[in-house]
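Order of writing sets the chain letters: A, B, C and D. Residues in each chain are counted from 1.
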């Protein structure tokens, strides 16, 4: 069959007949239009034209094969003749390009927040919206890091800390540092190469990478990027069609994955208003015309409609039957469910609230950890299961606090995405190196030379469970209060310091 | 009698003889002047002229019949000849009209706060002042929502949540969602159609509407707007003249109301300074002239002088004698009074502080709820009475928290007023739809599929009762502290990010 | 002796011979120069000239008689010939005069903070500095009001509150409202008539006035301003020369004072940096010239050098011996000392930290009260002594909270000074009227009809004793966080709401 | 050997051969380049030129002798012929010079924060960066002072406080005030004369000075500055080469030092990002060119590579063997280690977290003190060891609180550096005088006349251990809230007060 021609394709530019071009191939999506999780509107914008640039970063590579019947795959097209959507000059984009030129040197980034401050300013608004957003008022997302600030150290002195070793093992794998790269979706929103950048950095620092179901790169691309005996785990969203799930799991095991992390905190993916708002602003023409629209629900909803909300404890034996990989439940949020997991023969849990992206006012993982470990110890179960945590980790002190409480390791997600978005591989590499430097310093300063020495007596968690809002501010009282000033400079009033 | 003429009416434009025109009829209010709760001044502004536009939104429709002797009803006037107050061009009003044109699309509103942000900018200042104001320093009003932020979830995982059902019953009525539209006064301040807009939205979503005593629409207009088997309740301010109260209650029952909610937290309506101040600014001419005035006490005081401050427990049997409707006390604020209500055979209580509009430093309803339910359970009374709460509900998670504690349902007031003020029926409709979406998400994410599964083990309320102000800020110390910065951009100092 | 002439006086304009004119009389202060608590510099500015305007507001009227030997009183001068210090045009003063013209109408003040906001802008900087300043970082001063915000109500409903009576008695005197005007120094800084303005307002509202030792008006002027059977108390700073103290006490009793309040929290008057800084700025010429100066220590130190730091419990019997007035210790700050006072036969205590002007981090009176009353009750002493509190009272709810805890009455100081400074008598009158309105509302809303019904079960004080600073802010984390926004208006980005 | 000539030296201006001139002598640092803790780059900037000005303030005087082989000391050079680095006109520096001219008069500084506010604006950015920076997010540094704000007084009244005496003893030395000047590095960054300025001030006020290992002045210069029977202690960083340490200790004892304070909280000196960032900005050319650099790790790392991370409890007997000075461990952070110190026969401990410069989230010294003293008392050890604290002391009330808890004395570091940097000796003198004034006031106001009367019953420490972050802010809720305003001024809207 000869390739289709652009003009031919261009005729199908409406609701009645809608073709789009992706990666040089034509697809008839007319019937799919009303089912599109991201809404009909965004597809129609590209009807009869090349949609690759818009399609790629937010759709896993096998999307078309999975969701569109083969009969709708119309074959190749002569790309020289295909129309593209003319993007109007966007002053926001121009400003962003200038910011990319002016961005700080990588060596000016001294901590993980620094990468985030750069990423925030060099990423596309929609990409930033997807990565940075969380559920409802984003209380839990922020609490995740703040909770660490309610844990204080009780450092030991006069310990010989000349040599400190922070290697450990996770699910039997020896790693150089007690963290892993946790699964995060849509890596190409931040960097054109996507998740394989993280694969390479994880290899360099010998830490585990967890491969996301909703990656921008295909699963095989990410596995192919593995070097040497590098270890990867698979994060799994369970499909309502269990045959698909089984295929994914068996394939992952066959390709050498060493752990199966089943996400259990996302029967439905969260509404994330910052994400929704960032998309909306992109649809400027509607706003201008005053014409109302079916709101897109943000990238998260668009890519996740397949997730099965009926997944339950009853499914666990089936998973056990289809794989020999250690099974870990990702997203456990209360001690009762950790105990239940042990009883089900699960090898591990990740205490997690999905980076605050699912249920607002879900507790931080580290608070659940502090509730969980004493219970496990009192039941003699602390060695029956590996307990991981993720969410809000930004400093090595955060990692050390979690390990003092009893965590086997911590997952880090967004910070590496931000480092990648700002500086690519070098950014991720440096962010891991910074954590390494901080870990060395932190171990020495609390007086420990190896991970197994970390224990609860080294921290003060009395206020970890405190969730205080404070009495609402006395606005009138504060307004009339005349705050103390530092001494005035000469000439009075002109010098403002 | 032929209609009066405008010029005739216009002669009575002073303190000695003061007539006003309302809805085409003339009233002699000379003797009433000193008794006007809103002050003499505002009436004199319209003396001899048409006062309808000013009168209507803040006076219930039967005000004139109730408070002005029939002899002062002077009959119709030829409206073509009546003078109106010439409103000077008001730059504030011009700016407001522009904001109305520029307001965000309805589909950009993703949560209940978004409606409030729009309403704040498109409503008249006085209307906003009346709706948004609360008692004294408005501490309790803000605490109402903040209190929910001190309740955190303990979510369950791996529950089959494919189907979630959040229907429930209230006072025997089956409703689709566990909230009701609570009574709020003066709906026409926000929208020309007033409370019937809420009636229609309540019908669409199958939730109960509580009809306010101080509605802008008449009681019958609101009942007439009912569709199908829609259920309404009556909110009652008890009149010092019990005959009037009896008439109101019997009429409501006759018209099909299914519950009588007696307001018990308002023996006197609150001083609301924001409301007072918003009116004052309106009286610009006085401010300009430097002439002092009898201050208006705001809309609340103006419309509420009839409320009987002697209402007491001793009146309850009488209410029971005049109606078969279930009786609910609205505004209970301590567990002792809930127990007393059970003992009096009351069918329900609304734990409420009147949206923070009455007593500042009254506790939030949800805090009183957390104190109340364990006592009821320990006394075996938890099924003897239905416990509702209102105040500060903005998110479905707020609703779920209250239900986990044991509430039968929650009342929502201001948010629907704001949605109505900003976008009319469509706004209220969307606000209810958003709550529905959030409820579905929330139920799934805490692992519950029906309302009866909600229980206290799903939440952490340890700090609900904490009322902390914090040590006053160390101004000098904070001023001299040089906060950490993120990396500088090139060229140094010109890029401000 | 004929009056001295101005030119004659003008010769004595230096350190070697320094005469000043005050109220038409000449004083030789040469020898007194080095002893002046306010420093030599400020006197030399007026050497050979009329110093009345500077002298009067910060010196009690009998200062010259008390501190300057009669031989230095040189007699009258012909005022027409006396030089005055030419005040240079001061742009600050010009701006202040404009603000006085533009100040809000009295009727726009709805609460006590409103008066303070006006006073802050119409008072002279030095006067504001003296009134508003407090010790060190002014933590305690602000805590005084904030502490009330940690007390919440538990209101009763369905009480017949048609008639509420908030009269009570203090030291046997029947008063209309449960507060008194407490002693504050230097009333003429705020208003040219000084403390007698407060006397008149106290009479109008039938509350007690406490006469300050450091008044701008003389004691007798204040007593002379009394009307009818108005009651006054005397506040006493104890002089190192007990003969002077005895004379003052006996005179006060003879003139009808009904209570002796001995200040016990001020063995040395506080350093108040805002006060010091406000004076310094006044000495602009020094700042300009770069010439260093002996810093004035502010008005407080200047007027208080006579206070005896050796005052102790051993002195109490002596006070008992010289007066029959009830004796009250003002400035008690711990329960142990209240018990001791009872044991000494003292009739009352004022729990007070001197408005935060003495020791920073002294607890608020209301916190000490909550600690004190249960101890007194457990010892059966609660009726042996009247317990007053002052500090931070701004709302009737503050008063009601203190009375619920067991206080007999509360003292209010600064708010009346601010009302007086902003609007004179009318301001103080209105401020008391506002408190009356708030009291009526508050009593009704907590369900009490008389003062004796107020009791601890009506309040929640669980967090009264909490002194939390919060973990220092995570500046980087907060800086990189991208807060949620409300919907954007059209055209995007130009509308800032 | 005749002096070298400038042109001869100038040839060695590159990586292959790098000579620098310091204090008129030439050094060949070619081989040392890669080892320089501060990075190669900063040395190369001065290659072939005079580096004295850059070198001096951040290197102890014996650095070259210690770290550079004698063979590389090339001897004197004719300074008239040596090139200096031409500093480009720096607008920041010009502005700083202007600020120095305009700085407030010394007499305008009323408290220790005032000096800091001046220093912050007159110091070089790098110097300020070094002094003011701390570990990670600088949480602990700020907590150090904030912790004192969680301690409140319970003052006694009616104590004869005419005479108050706040002299005490520390390690047997009688001192006039209960604080000492603690060791801080690199005094010449703040003042050209360096640490001897502090020596002179300590003498004037009769308090002890602790001499830092990392002083800018040499040890002997500081000892030589001693007057009369002035007492000094030695702060010691322990060198990996114990022979060097022994030499230092024996020399200090021989020169009359009366205490050996071994730093135990710094096996590795902290990463201080503000310090790192302040240096980076100085390297403007790199930033401009976009060329990446090996980041300097700040002054702290540059000067501390010799510190031995293997120092442990096992070393204590050896220290005992080489000196008769009392041994004090500086940097103890948990009660267990205080008890251990007593068991080792140590004479004292300084509870300290190194001014927050080492481990972020280390507890404040005063919190550790409150945990420690009751344990010591319960074990009968409270008189076996002297317990000092440092960190965050800014007010005499801070000192009194620590002494009430049981501290023997408190160390003050940064505040004196800031006073010195802003005003030299006069600044330090005044800062000590201000503390003296505050101490007198504080002692009187809590009712104590001597240090031994200070005890735990005078303070309330219930919340000292509270580490609360607060629920993350409800941004939408707060944004839509319309805060109460104070009354408007005439003409409306133009007056902003």
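Everything that follows uses one rule, which is that contacts are C-beta pairs under 8 Å (C-beta built on N, C-alpha and C of every residue); 3 or more make two chains touch, one makes a residue touch a chain.
Everything numeric in this text was worked out from a predicted model, so none of it was measured.
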item	value
Recurring contact interface, reference A-D, options B-D, A-B or A-C [over half identical by residue number]	A-B
Type of subunit A:subunit B copy interface by residue overlap (half), same or different	different
Longest centre-to-centre distance from subunit B, chain (CA-based)	D
Centre-to-centre distance between subunit D and subunit B (centres being mean Cα positions), rounded to whole Å	58
Inter-chain centre distance, subunit B versus subunit C - centres from mean C-alpha coordinates, in Å	41
Sequence positions of subunit C contacting 2 or more other chains	105, 108, 110-111, 113-114, 117, 120, 137-139, 142, 146, 149-150, 273, 277, 287, 290, 466-471, 474-477, 479-480, 484, 486-488, 490-491
Complex interface listing, subunit C residues touching subunit A	111, 113-114, 116-117, 120, 128, 132, 137-138, 142, 145-146, 149-150, 273-274, 277, 281, 284, 287-288, 290, 394, 468, 471, 474, 476-477, 479-482, 484-485, 487-488, 490-492
Complex interface listing, subunit C residues touching subunit B	105-108, 110-111, 137-139, 142-143, 146-147, 149-162, 395, 397, 401, 437-438, 440-442, 444-446, 460, 462-463, 466-470, 475-476, 479-480, 486-491, 495, 497
Residue ranges of subunit D touching subunit A (in the complex, touch as defined)	99, 101-105, 108-110, 113-114, 117-118, 120-121, 136-137, 139, 264-265, 267-268, 270-271, 273, 276-277, 280, 286-287, 290, 292-295, 308-316, 329, 331-334, 336-337, 358-363, 465-472, 474-477, 483-484, 486
